[in-house]
Each structure stands twice: as C-alpha cells, then as structure tokens.
Amino acid sequence: MLHLVNKSPYDGSNLNTATSIMKSGDTLLLIEDGVYGAVKAGKAASLLEGHTVSVLGPDLAARGITKDKLADGINVVDYAGFVDMVEANDKVQSWL
Amino acid sequence: MKFTIQVNEGPYQHQSADTAYHFAKAALDKGHEIFRIFFYHDGVNNGTRLTTPPQDDRNIVNRWSELAREHDIDMVLCVAAAQRRGIVDDGEAERNGKDATNIAPGFRISGLGQLIEGGIESDRTIVFGD
Amino acid sequence: MSKTKKMMYINRKAPYGTIYAWESLEVVLIGAAFEQDVSLAFMDDGVYQLTKGQDTSGIGMKNFSPTYAALGDFEVNKIYVDKESLEERGLTLDDLQHLVWEDEDEDWAEKDSIHLVSRAELSDVLADQDVLFNF
Amino acid sequence: MKFTIQVNEGPYQHQSADTAYHFAKAALDKGHEIFRIFFYHDGVNNGTRLTTPPQDDRNIVNRWSELAREHDIDMVLCVAAAQRRGIVDDGEAERNGKDATNIAPGFRISGLGQLIEGGIESDRTIVFGD
Amino acid sequence: MLHLVNKSPYDGSNLNTATSIMKSGDTLLLIEDGVYGAVKAGKAASLLEGHTVSVLGPDLAARGITKDKLADGINVVDYAGFVDMVEANDKVQSWL
Amino acid sequence: MSKTKKMMYINRKAPYGTIYAWESLEVVLIGAAFEQDVSLAFMDDGVYQLTKGQDTSGIGMKNFSPTYAALGDFEVNKIYVDKESLEERGLTLDDLQHLVWEDEDEDWAEKDSIHLVSRAELSDVLADQDVLFNF
C-alpha cells in the first residue's frame, strides 16, 4: 500500500495520521507541501522513523530543499518513479 | 496498467491539479493507460475554457485539453459538482436555462457513477486533492 | 462489470466547514448501486460527520446528517469509526448517531452499522481493501 | 461604521463565502456600511452566473447579487485572480478573445488596488478564507 | 484586537498560533470548523485557558454542539454579535 | 485618500502547494504604490516562502521567490520573521534569502529588511497595526 501525504506536517495532522496507519511493507511518498516533512532538522522528521519513505524530487527542488537536508534513508523519485510506486503497490491512500 | 485519477481541486489555487497532470503524463510516457480522469468538487473548475493565465505561467486547462486529445483520454466533470460551481456544456445550458457555456475541449459532464466505474475497471485509483 | 471490489470511502473532514463530507456521501449513495463490497471509515475530523443533533438552520446550509441513517437501506453497513479520533475530541459513541441495518439472513434483525475500532484495527481494515476513495 | 470584506474562497467548497455573506447581511441590518466586498483567489468564483445549485440548497451567487442590488454594494472580483479562474465580463472577453462571459449581476472586475483602497477607506477590514 | 479561527484545532495549527499571539484585552472568536475548539471535553480546550473566547452560535448548532458541552466562560454570539465584536475591536486578524 | 495607515500582510502558508503566497505578494506589490506604512510578517509555514534556492522547473510553475528580493526597491523593508516557526522547521536565517533595502536618509546605506522576532515581539508588532491582510 502506498500512502501519499501532500501537506506540511507543521500545519496539518496528515503525516501523523498516515504514519499511525502504516504497516511494515507500506511505503510513504511525500509530495507537494508534504515534502517539508522529510527535512532532517525539522521536528516532524521523527514521525518518519521506522517507515519506508520517498519524496518527490521536483517538489523538493521547488521548495529549495537540497538532498543533504533530508532525513536518513529517504529515497528521492521523479514523476516516473511516482508512477512506478503506484504500480508496485496494490493500492493508494491519499491523506488529504 | 490501467489508472483512474481523481482531481478534487481547481486550477491554480492548489497544486493538486498540477501534480495530477504530471502524474498522468508520466504514466502515459511509461506506456500505462489512463482509463479516466474524474474531476470532482472544485476540480470541475479545471474544465473551463474561459481562463487566461499570465503569459509566463502554465495554462492548466489547455494542458488537460491537449493531453486528452493526444492520448484520447476520457475526462469527466461530475455533473452535480459542475452545477454547483457553474461549469456548463450545451446540454446543461439547455436543461438549466443558462445563456452561455464554458466547458473546455476534451471534457465531458457526467455522473458520479463514472468515478465508481473507474475504481472498478482500473488497476489503480489515485486521488489528488487538498 | 463482473468484478466485485472492496471499496472504502475514507472520511477525515468535518462537515459544513468544507463540502467534502457532503459530496463524499453523494458518491457513497451513487456507489451503492454498483453492488460492490462497500465500507466507510471515519477518522480525524471525519468523526464529526456522524454527530447527533446537527441543526444548520442558522447557517443556511442543507443539513445532510439524516442521510447517514439511510445508509443501512442502501446496504452500506460497514462503518468503521476510529476510537482515538473520538477520544482526542472528547467524544464517545453516545455523541454519534445510532446507525443500524436489517440483516436479511437473520429475519431482518436490526444490527449496528458502526464498528468502533482502534487505530491498529483500522489499519488492518484499510489493508484489506482494493480501492480507497479520499475526499 | 464602514467595513471592507475580503472573500478568498469560492462558493460551496468552503464555508467562507457563506460566513462572509451572513456577516455582511448582519452588518447592514445593524446600519453599518459595506464599503466594498473584494473577492480574491478562488473567491472570484462567487461571481459566476452559471451555477445551478440543487433546489433544496442555497444559491450563493444569487444571494450576493441580491445583496448588492438591495444595498448598492460594490462587489469587486480581482482581475488577475479572475483571469486565472475563468471569470469573464464583456471587457475581459474582448481583451482576451473569449467567446462567452459568465460574470453575475452586481459584480465588477477590477484591480488589487481596490482591496488596498478598501483597507485604507474602511474602519474595519475582515478576511474570510480557508 | 479580534482574532478569528475558522478551522478545527485537531486538523490545523491555527488555534495554537492565534492563542500564542493573543494579548490580554484581545478577544478570540471561533467560527465555522473552529468551533470544535470550544468543546470542554476535547484536548484542544486547554489552549483557550486564560483567553477571552466567544463562539459563533449558528456554527455550533450546525455541528450539533450544545452549550453544556462548551468550556467554561465561553460566550455564544450570533452574526449580529459577531458584527458588534468587529466594531468593538480596533482590528481583525483572521488566522486562515 | 489622505490617511496613512499601518498595513500588515501576514503570510502563514507555504509556497507552491497553494497559490496564497504568490497572490499575496501580488497584493504587496500593488499596495506599495499607495504610500502606506507597510510591513510583512512571515510565520508558521509562511517562513518557507523566503527560503533560498527554489527551483520550480520540475513542477512547471513560476518561481516567484526572486520577487521578494525586489521588495526593498518598493520601499517594503519591514519584514518580520517568526523565530519559533523557523526553529520548529529546522531552519535558520541562513536558509532564507538575504533581503535588503537602501536607506536614502543614510546615503543609501544597505540595511537588512528581515527582522527575526520572538512570538511575543511579533505579537507587539501586530498589535501596533491598523489593518491586517490575511491570505
């Protein structure tokens, strides 16, 4: 199962809810304003611990976040990689 | 693989319509099929031909219309949502006594059943919204 | 369309402040005609959709909360409510409408539609679905 | 007292347009003056005459038009926001080569300066949004 | 100064930010989904402590919240009362 | 319009995910012509608007972040950034653009436009305004 979070973890509760529902084997993809959750130095990064997390590269770049700022173990994908993740998982849950 | 994409927000206000477009394009580039793109809630506002974005900005509506034309994609605006937001085709104009239409090329107005059908017939359903 | 899929509608937004709750319910009602295996989840602010005693006369909007009580008649009777979300908001099951359905296989016995679930149980229910609709 | 009201969201999707309306109406009932209602962002979608809400629901656009007519209120749609969202009057249709208009009675399209002026000229400025 | 909060405190950070900025003499008015913050039994009610708080009655009723559920000391107003509050305060800050 | 008012634009939303940041900046630019006493506050996710190195080519949206650097030329030079919001997000002033203005009264000396303020200081600045614009 693929989980999408598109909002800042500092504004909404979506990342919190998503990570509380995720099972081992599930993957989280941060997109749009959700990518702020991937920044290592941010308070919200602790929510990602123990989860498989990817982040959408074009959204990272738009927000001026370089890869060295990301929490450890986070995979960066482009839109093609996003499509692959949707294909590789049996279903998608958008935490809107 | 066959995808159905749901778009819940209008153009420009939220990034959802952009992300949905880039996702759809990437899926097509990889040889996947888009069974349907269903526009719901304010998402129906993606289907008005009356927008004139600034010259140095993307034209979200035209981008959808071109994608539909090039790849023969079924792009459906929910009729109930479209009526609430004022997106009108010829049939709706006649039924509701409207003196103008604003639907953009490549879009059609239909019922919510089209979304459910998309969920049934597709291998994956992906929702983009706020 | 011969396939039967497990379809879940996940409701996480409060009613009236935004239209998602109401337009989501419209999808559920239409979707009921497709004879799929349908269930609903209410979590986060979505639990507010099911509260009793909503009176929208003062804000001039349509009160759609009575529609939830009709879901049983549409054979939509698997409604999962997240316990944690209720607790955080100071709500209990008593604050929610009592939603029921009649079981044809047991001489139309009236049964509860709402299942109060922990976050872990809800996670299992989601994992078991084929399609998830988010609003 | 003189009020300027800013509305940032479209009709139906968010309650903002409803609250702004009820606030405006209550202010007028109390004898206050509405200097201007400025519709910005998706708020410009309050100004389309093409909506057909369900019979048992309120008609947000008509409600604004009636309020403007009854109380002679200046209701302004931001031109830049209106162009992005596809809200068009005769002038905009001509300038941008559009084949239809959709602006509702009582609304006019103008620049952001009208909002600033509202802030300067009014005793209170209140923003309704998401 | 009048502060408006129109979102649920369980979804967004607006109530938290508003109360962190409020000064003595300021008033908070909860409207739309913001009224959920006024419920005594909810976790967010603690954010209101020490502040002057009103809540919009029509929005409370729409959401099925009866007055006995409100935190202590909260004043319920209608739209006319909302207008009076705007008049009585020198300016309005909407925490959108 | 002979009055001069203290007008503040309060920015609390991240750029690109929604349009509020960009359309708010358009108001500031137009508003600069009205010769009012203008200031800007960036707090909560609004602090992200000022970050360096934004590159929107991959998402096909206009990169409006260079416009902030032009604010000084429009005599918009009172920019308050909330310290707490930065810290929570793991940001420091070094992550933000260096915004400056030239002080005519001091032989066009270049001065910082950004004032890093505590929540309490920001509260004082807000209290001192006549009109607050929220997006």
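Annotations for the structure displayed:
All chains are identified by letter, namely A, B, C, D, E and F, in their written order; residue positions are counted from 1 within each chain.
We adopt the following convention: a residue touches a chain if its C-beta (ideal position, glycine included) is under 8 Å from a C-beta of that chain, and two chains touch if they have at least 3 such contacts.
Owing to the predicted nature of the structure, the values given are computational and were not obtained by experimental measurement.
Shared contacts of subunit A and subunit E, meaning chains that touch the two of them, come down to C, F. Within the contact network of the assembly, the step distance from subunit B to subunit E comes to 2. Chain pairs E-F and A-B differ in how many C-beta pairs are in contact, and the one with more is A-B. Greatest centre-to-centre distance from subunit A is found for D, with centres as Cα means.
At the interface between subunit B and subunit D, two copies of one sequence, more than half of the residue numbers in use are shared by both copies.
Centroids built from CA atoms put subunit D at 26 Å from subunit B.
Remark: subunit B and subunit F have CA centroids separated by 35 Å (rounded to whole angstrom).
In whole angstrom, the spacing between the mean C-alpha positions of subunit D and subunit F is 27.
For subunit C, the set of residues touching two or more other chains reads 16-19, 44, 59, 61, 131-132, 134-135.
Among the residues of subunit B, those in touch with two or more other chains are 8, 12-13, 15, 19, 22, 41, 54, 57, 80, 125, 127, 129-130. Among all residues of subunit E, those that touch two or more other chains are 6, 10-11, 13, 32-33, 58, 78, 91-92, 94, 96. Touching pairs of chains, sorted by label, consist of A-B, A-C, A-E, A-F, B-C, B-D, B-F, C-D, C-E, D-E, D-F, E-F. The residues of subunit C lying in touch with subunit D in their complex are 16-19, 59-62. Looking at the complex, you find that subunit B touches subunit F at residues 12-15, 18-19, 22, 54, 56-58, 130. On the subunit B side of its complex with subunit D, the touching residues are 10-13, 41-42, 45, 48-54, 57, 61, 80, 83-88, 92, 96, 98, 100-102. Listing the residues of subunit A that touch subunit E in their complex gives 10-13. Residues 13-18, 44-45, 48, 51-59, 61, 63, 65, 85, 88-91 of subunit F are the ones that touch subunit A when the two sit in their complex.
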